[in-house]
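Both complexes shown next keep subunit A, but they swap its partner, so subunit B is in the first and subunit C is in the second.
So, the complex of A and B:
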């Protein structure tokens, strides 16, 4: 087998295929898979939001009203009566499995993922 | 006169194939241990130098030796690091099994040398690990956001490792030619 730069002709074919697969993997990364957002208030499901339909939702909690906004396939906490505002600063959610909660007002938003068993196992 | 090894003294026949496998596996284990001590910018991304030994074993001595070396490396490496049967061990094992499977399928293809085998094997290694991690440890689609970065590293390290194997084999053949 003759080799140029240490690679045979076959190696170059395999390498090209690997580069293509790699480009596809990076390209697939950009695609969102979201779809549905599940809104809960103190553990009870209060709404299922279709992320493709822009809307605003007001959820009542012990502190007052939390406002959620859906736009462009994403969802965020627009405003919250809580002190920390962590939920608002979490910004937009779009990826499947993403989760934000406002504990003071008991409101949580999670984007539906294909499988929901547990987060992770560690030892 | 050749000295008699312990297994032989105990009445176990030791073939030259056993010696070859033991020598290469020991080399792979030492490299495996040294690599485990190296810090990495992204946990889990490693050069996989031990797999250079596996590929060398495959191209020089055939599939059987490569399978032994590859699996012994995982087993003995985990015993020495204290990770036997831990999550890390199963990730390591699934990576090794996936890459050995790819090597077993591809090494009969004509026209491939080190890099042409090492790159697919390294990428299979990463994908085998991700599959195990997803099915077992982190059943969350977000895991796959790490996949492209790991595959990129696999491609680069696989290429480097494959070229290194080519060098090793060329040198070995040159030395035999001179002898």
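So, the complex of A and C:
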């Protein structure tokens, strides 16, 4: 059995398996930034958007179609049929726990990070 | 090898310490807004039961306190202008009494007798019907009539108004009062660690297994979060802002927080955030301080008994009470805040 740094072959096998597991765990846990946006319509989850995959999503509500856009790890309300347009003006969301809702059309978006930065958002 | 396995298992233990705590979140629409509940350490069944109870409470309170729809408060509002004695629903009594105390403490800046003015501006409808701001003459007449809760007499379960312009609208503190009632109910159900967040205004009780709940205060004018605040024990965080409801007409912006002294939207401040124990107090104070404006708000805060306040001026300046300075952690660069000790 060859010995380097006092490690047996079995040691090296355990170590590399553990390192692989660690890397996988790290990737799964993610950082502080959010990795996924949870989209709800009238309180029901209608989509989970991976923020790393640029896309657009159209959600139907009582007033019409709300369009969400994902780009560069962020999400925003691109357009909305509501009058106030507060959701569109809220701009991009990226941090875990960040939340914007368009009440008139019943559409809400929340960044669901593995470790959320905030337990609640006050506004 | 055994030594190595031991080290690795310790590492594994450390990693598992970082796993997310058992916080569950539940959302539903009620009270004309999105309500979000967070529970710590509650199993699925208990969390569902608590959520169902909260949902039922909020829906009941919404219909009971809606000033402009048929229902207990709607009926009271039909009878008040007649100026005779009538029997009002007993469930309204604690709400009326607390509203009167808070209105007095605020020097009338929080005025729940403002319903007719709200209707003149069209803010009683959601969404507001498009159109110009009200006729200045009509607004001036309302201001001259000066309806307030002082015009409302209570005699046991009977009431009457001495002023025909009184129309009750508890919108400026109903959310806070409702959140308080729901927290009370959750406690009765054995819930000890929770946040009840009604459209951005919240009360948090307990903690996350000893760690405080972390609340982000959204930047009223830009994207993202302006500051964070750690809350535990039992605290409410309420913000009133000019961005919540507004309309634009001929290039001018009119928001929904009306100054009962002028009859027009309050000026000078973008938002007011109040941290206090009771939700109803935090809610009413946030409105009253918005109305008081950038110079006078500390006197009103003192009179109402709130010590932790952040106000954001129209120009972007930030003012804080000394007690609030100690609570906030900025999440983005901000101009040097002006610290305003309470008188």
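For the reader, a short list of remarks on this structure follows.
Here, the second predicted complex is superposed on the first by the 80 of 123 C-alpha atoms of A that agree within 3 Å, B and C clash if a C-alpha of one lies under 4 Å from a C-alpha of the other, contacts with A are read in each partner's own complex, and residues count from 1 in each chain.
The rule we apply is simple: a residue touches a chain if its C-beta (ideal position, glycine included) is under 8 Å from a C-beta of that chain, and two chains touch if they have at least 3 such contacts.
All of these numbers come straight from a predicted model, not from anything done at the bench.
Touch criterion met: A:40 reaches subunit C, while subunit B stays clear of it. In the superposition on chain A, A:104 makes contact with subunit C only, while subunit B stays out of contact range. By the touch criterion stated above, A:95 is placed in contact with subunit B and with subunit C alike.
In the superposed model, A:120 lies in contact with both subunit B and subunit C. In the superposition on the C-alpha atoms of chain A, the part of subunit A touched by subunit B in one complex and by subunit C in the other spans residues 7-8, 10-11, 14-15, 18, 22, 25, 29, 95, 97-98, 114-115, 117-123. Of all residues in subunit A, those touching subunit C in their complex are 7-8, 10-11, 14-15, 18, 22, 25, 29, 40, 42-43, 82-84, 86, 90-95, 97-99, 101, 103-104, 106, 108, 114-123. Across the interface of their complex, subunit A is touched by residues 86-87, 109-117, 119-120, 123, 136-142, 145, 147-148, 151-152, 155, 159, 162-163, 166-167 of subunit B.
In the complex of the two chains, the subunit A residues touching subunit B come out as 1, 3, 6-15, 18-19, 21-22, 25-26, 28-29, 33, 95-98, 113-115, 117-123. Within the complex formed with subunit A, the subunit C residues making contact are 1, 4-5, 8, 11, 15, 18-20, 23, 27-29, 32-34, 36, 38, 126-128, 130, 195, 197, 199-202, 204, 208, 213-218, 220, 222-225, 228, 237-239, 241, 243, 245-246, 273.
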